[in-house]
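The next block holds one structure in the form of structure tokens; read it before the comments.
We just call them A, B, C, D and E in the order they show up, numbering each chain from 1.
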């Protein structure tokens, strides 16, 4: 047995990241408490290095490790996004952990390990590999959700996430086992060959597909597999929530789409209606329930459900039967674009929540934002931009994301879907604007005036700057990102 | 081009007074009076120019172009115009002079002058218009000026209401006028007289289906429709029944403006308009008849109401109403020249009467109720004598201007057919009433015992020269106007119209003259009998004919009827529409959608119970549903 | 970079100057911010003036065109240009913004900088809407304007401002939903381009046209607002600060009618003709209903807001009359309504600053206490009534001419609005200008100061200029309007061909069937 | 080899369903974890059966991975249970309802 | 013969699985699970997966279950309401899932064997089973293997973090 060196070079970024995670775990005990920040900076450094390595692979399509791993532009796109999100999460966490008094260096190792799991997900060419990636990511996130062990809410969210996550991964794995039974392989390409050859009447494929959709529906928080999302997002430390809401969702979408298209691309009529229905109820429920929330994190959780619904429009288009390949690719690229944009605005929004303090606690109630515009003009304005963008109103990036998604939908002949999506986008404006409203149009009570404040650090400022720059810049000059997404979606088969 | 100055001089005065009135204040008349006098002099020049029968056309500028609509403002001066120009400038000049005395020391002195200057300008432009739209523009402008002037003493509730009422009622008329103009445009493709009138013969026979929109069939001549629409405008402006209600209320304005509005300018615009559009009306017998009947009814109703009013100005106002009815009736019966003739003479003696009223009122310190007058003829001799001349003219006393014009008018009516005969008889009857109430006015005000508030009684004296001078001039005119040969002068403006060839000979003319004179004298005698000889009689009569008396006193209850059928229902409807439709239905639907969405959120939210097993259950339900769907799919 | 040879990017500068102003205001000291914003907005006005003076009346196409690639896949352009329809609206916007800043000079006490920023962003967005020649760019500006307006109402508004702001925002946003979808559908059906001019030249199947027409309708009708989508307007107006009301009434409402004119008519000629009777009916209802609503109001701003509904009814009426007089009258009426209603709101703002009440009963006897103010108010009120010699008359008359040519009955009903307008406006004037003053208010009633006087004068000048000599303004429109009609006339002919005329047309059009009367129907 | 593969499939299906039901109906989080183990074991049976029938050893390797994952999940799961128990001395998952709606 | 053995294992597995879910005490549930694990292992043997059978017993029975029992003992659980109130719904849904799956399969094509790929080889893998698995694990499945190791690493560190006592008290 020889080490497949060539393959190892291909997964160099993963290796670097895992290596750094291990290094942090090792260095943690011997690092004095006040120097632990160094470990965070090291993680950031490795992310930069990895991104450079990964980016160099753009435009190629290479298989590695007995075709279990694929490295194509599609994967590169997602990985770059994941690096960015992880980096921002780490930066955000540096201040947040300190304030919340959960300064554990393991945290950064966990971010890196979860990232490694996600990277496996996005470049997995094999169901089992993807499953393991999911598990690596999920287990890491279960633990990270419970990082505030001294708070029952955090543990509770961790427990719920864990129970439901394990449940869903059991379902997912069962689906994989059936697929294996039907096709004799778990590699996407081979599944595709068998499924396509066999036609669409095999009930076992149906069942397996359904189980996969349940499993991934859980990961991307699609209705009715979404119910963990609000509880977990609310209870988990905010920086972790941001990470979950963005990175885990993006990676899950990446894997989900790849599986659906690469393995089951031949039986699109079998699943596209199902996804369509899920898409609609997800958009509807996410936006509806978000209206009545009083907790910002919970509201953002529902909003992330709704956005998952929007992203599913991309999946629907990509999987719509009877359309040209170019339109299908447009579905893929619009989804990629959407999630990239979503990442910026969601990270920004969660960062704002993370730095808002009410006395010694996190200010996560909508009420806590009351009159923020009076005391922190800049902060309130940033939140305004994020909310406006989440609502999809130009000239922010949120609009561009929706524009491309709906353009793809209309192109696929699904104008009515675009209309439904937009109706709920209009409804969503209500709850996003409510935050703007409390910030700008309400007078804070004297108590709020006294106790709520923004805890800004250089790192968080940088995160916010990044997010707002992304939101505004992508809103005004989305061209480059659109091109990259288009290119990526084309190399993806 | 010099004639462009006729309207422009008053405009200049208005602009100067409007912008700098604040500083000019008491010297305002030094701006306004010369301007109007200038217009008057220029009008005389125009008269000379026009006498040879040549109409003048003075283009000003292109107002607007749009599609095939082309509107250029311009001046059109023919005999009709010149007659009106003279009337307007003379009366306006005299009113301006009179105002110096009447409004002396008022805080709104400059404002008043600027407004009457604007008023004069508007009226001059109106009569000089060479197209329908320009006529309409200044038609409305005249309305605006009357609004401003009637509301001059806006501190009074009644003045405010009267001003608004005048504008609104006029608007109703203008609505019809506007429709008429629109119909003219879509029918003829132009709004200029010179382009429209030549097309008339070609279009005369065209029909339109009024019920086309609802699938019915009721055809009517285009010309009739146009004329009726235009006539609605005239009804509003000339205070014909049923849009006459604004005019008596308009007495709330200062007296000079009453004179200007009621004698020379605004109210005559309607008659002028019908006369100006004679070529149109001539093509529609139906419309002509409508005009005649409306005029006749107005004539009669105005006179009956004037019988019992006690406000000195209101009596004169209702007499105006009645006289306008005469003119309109004449126009409707084809006697445009007679109508215009009466319009001009009426302008003179009605201005005289109003200004005389003003003199009385000012002498009695703004007392307008005849019950508090009486016996003034010694104290106010000039006023009395001039007023008497006016009253005689109004009554059609022989050899006064009113005699000639009314006679001409009634004769024209009598000669014009069956309807004309009926209306002529009504006209004669009205002449009786006219004479009666005119002299009731004279006797009650100037004769008999003084009922003046003793407090003011000893201060009663003849007003200043500025006020008596116009009275004298007008008195002269009230007699002289009958001898100027006005009908002959006007004749070229109405080719083909009857009654242009001087006084009629023959038995009809003679009979009419005698009858009318007799009626006038009878009325005067009656008034003398009732108000001088047997002072208790009026009350007894009123008591005896209670219902008729009330009908007359309360102006046939028209105001009340409008209040109940139009004004209140409109306001109620507005209130109800707002509360029961806008708020309760439309806005509730909007808010209801929002509430329904939020409610959906509340309901859906309950699913999120916080129990992990529920969540797992939801996932399972999802799976079951999907599988089930696949079974049945 | 494709600036036309010898061209100068006037429109871009007009768009960018307010944004530069935003930066300047942001950096400046609070005390200086007003002056800076005012300077910038006046500068913008000056820069926009060349649009008027260098405009080629004979040219029906877009002028001052700029076109740069913005996003390459699909090709979305930063493409600007104005024609005779949009140029006056751009000028109206740049003209009103300085006035809005002036009117807020003392009225706005809190968060001055944010206020000015909102106003300046509004200016950019609204100018952008009128000047955009790319559909996506148009939509971006169209929606962008919501945010500053939301803040203007919500932050500086009256007691019920939050409700009004949200209502305004959601209502208009909901209306725009279908617009976006329609834009996307047009993109795919019209040759994969967002270029408005190219999309105008493409032709669409009748069925598709109907769908697109109603999609456009949803967005534009809410913005106008047409009956029965108008209920956001009174709330928004009542709660908004004066400057907000002015912008809202004078500029925002025009976006809807501009949309009809720029998109519905030229792009969807068949659907337009088919559905014209419905729009005309709604317009007439709006005219009469709005006037009735105005009659019932006790709040000054609400009254003027409802009068806007009525007046905007004339605009839609004129547009869908589909003839030169109607459309030119409608465009003119947009400008007129902008000037007159803006001025009226300004007047209300001035009085509110003094008495802190917008109730008619609280504000009486202004003629004595504030003679200058009263003069201006009466002038604007009469302009609103449509008195000849003032601006609104010209627009209303042309609209009525156009409508009358389309259908006598509709024209007649619309003309009723003129009576009602006189009723509610004069009733208002009678009560607040001439009516009795409430004693406790009298000491607060001080006449206009120099700033306020200065704001009023340009408006009065415009009122009379347009009223007395509208020709220059109309001349600007002729060519462009003729182009819009040219896109229509074939369709009108087609609809009237076959069995004489289609059912819908016969229903409302032409109750008086006479060949001569049809004259105005089809464009000359 | 005379047992048809469908028998194994049915068996695993029953096991999986029982596990699923267990998750839905038990309150004790430990039993829920056990039920999840049942589901994972059902998967294992599938893999092994298919592996055998297909003559493809990969299936057995998958079981190996599944086992690993199960072990890891148990470790984390029990840690969470202990943390929960320390907070509120309960292992009934439906007692934890701080986060809802 | 094979069928009888299968049915023995299958029936015990089903019964013990049901017991795991149904028994009140976690300890008994765990013991029932233990029995089930052994029988699953037996089933593996009949399928010629001897290595897995051993692993099954070692890992599941030896490690996982012991862990469970430790925790159960550690937490000293009191007797409490066994079932969640959604018991009936849950049972019904479980049956539905199974029934629907069966229905779906029947509706499609009632021959599971035929649905398997045609290319299957009835290769007997009785010999060198463990070695072959090892070979596969370290060559073809090297990458997943490494990930699995990471999962264990995470689980280990995570378990420590979540249950470390000091920090919990430091805060409260």
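Here is the rule we go by: a contact is a pair of C-beta atoms (placed from the backbone, for glycine too) under 8 Å apart; a residue touches a chain by one contact, two chains touch by 3 or more.
Small disclaimer: the values here were computed from a predicted structure and weren't measured.
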Chains touching both chain C and chain E: A, B
Farthest chain (mean CA position) relative to chain E: B
Identity of the chain that, by mean CA position, is farthest from chain A: B
Geometric centre distance via CA averages, chain E-chain B, whole Å: 102
Inter-centroid spacing, chain D versus chain A (mean Cα positions, whole Å): 26
Whole-Å gap separating chain B and chain D, where each centre is the average of the chain's CA atoms: 97
CA centroid of chain D to CA centroid of chain E, Å: 5
Residues of chain A engaged with two or more neighbouring chains: 128, 132, 135, 139, 142-143, 146, 149, 155, 158-160, 163, 167, 171, 181, 184, 206-207, 230-231, 293, 427, 430
For chain C, residues that touch 2 or more chains besides their own: 170
Chain E: positions in contact with at least two other chains: 84, 86, 89-90, 93-94, 97, 101, 104, 107, 112, 116-117, 120, 140-141, 144, 148, 151, 154-155, 158, 162, 168
All touching chain pairs, where touch follows the definition stated at the start: A-B, A-C, A-D, A-E, B-C, B-D, B-E, D-E
Chain A to chain B touching residues, read off their complex: 159-160, 163-164, 167-168, 171, 206-207, 210-211, 213-214, 217-218, 223-225, 227-228, 230-231, 274, 285, 288-293, 427, 430
Interface residues, chain A side, partner chain C - complex: 373, 377, 384, 388, 393-395, 399, 403, 406-407, 410-411, 415, 418-419, 422-423, 425-427, 429-430, 433, 436-437, 440-442, 477-479, 482-483, 486
Parts of chain C lying in touch with chain B, wherever the complex brings them together: 167, 170-171, 228, 230-232, 289, 292-297, 323-325, 328-329, 367-368, 382, 387-389, 393-394, 397-398, 400-401, 404-405, 407-409, 411-412, 415-416, 418-419, 422-423, 426-427, 429-430, 433-436, 469-471, 474-475, 478, 507-508, 510-514, 516-517, 519-520, 523-524
Chain B residues touching chain E - in the complex, by the definition given at the top: 611, 613-614, 617, 620-621, 623-624, 627-628, 630-631
Chain E to chain A touching residues, read off their complex: 101, 104-105, 107-109, 112, 115-117, 119-120, 138-144, 147-148, 150-151, 153-155, 157-158, 161-162, 164, 167-168, 171-172
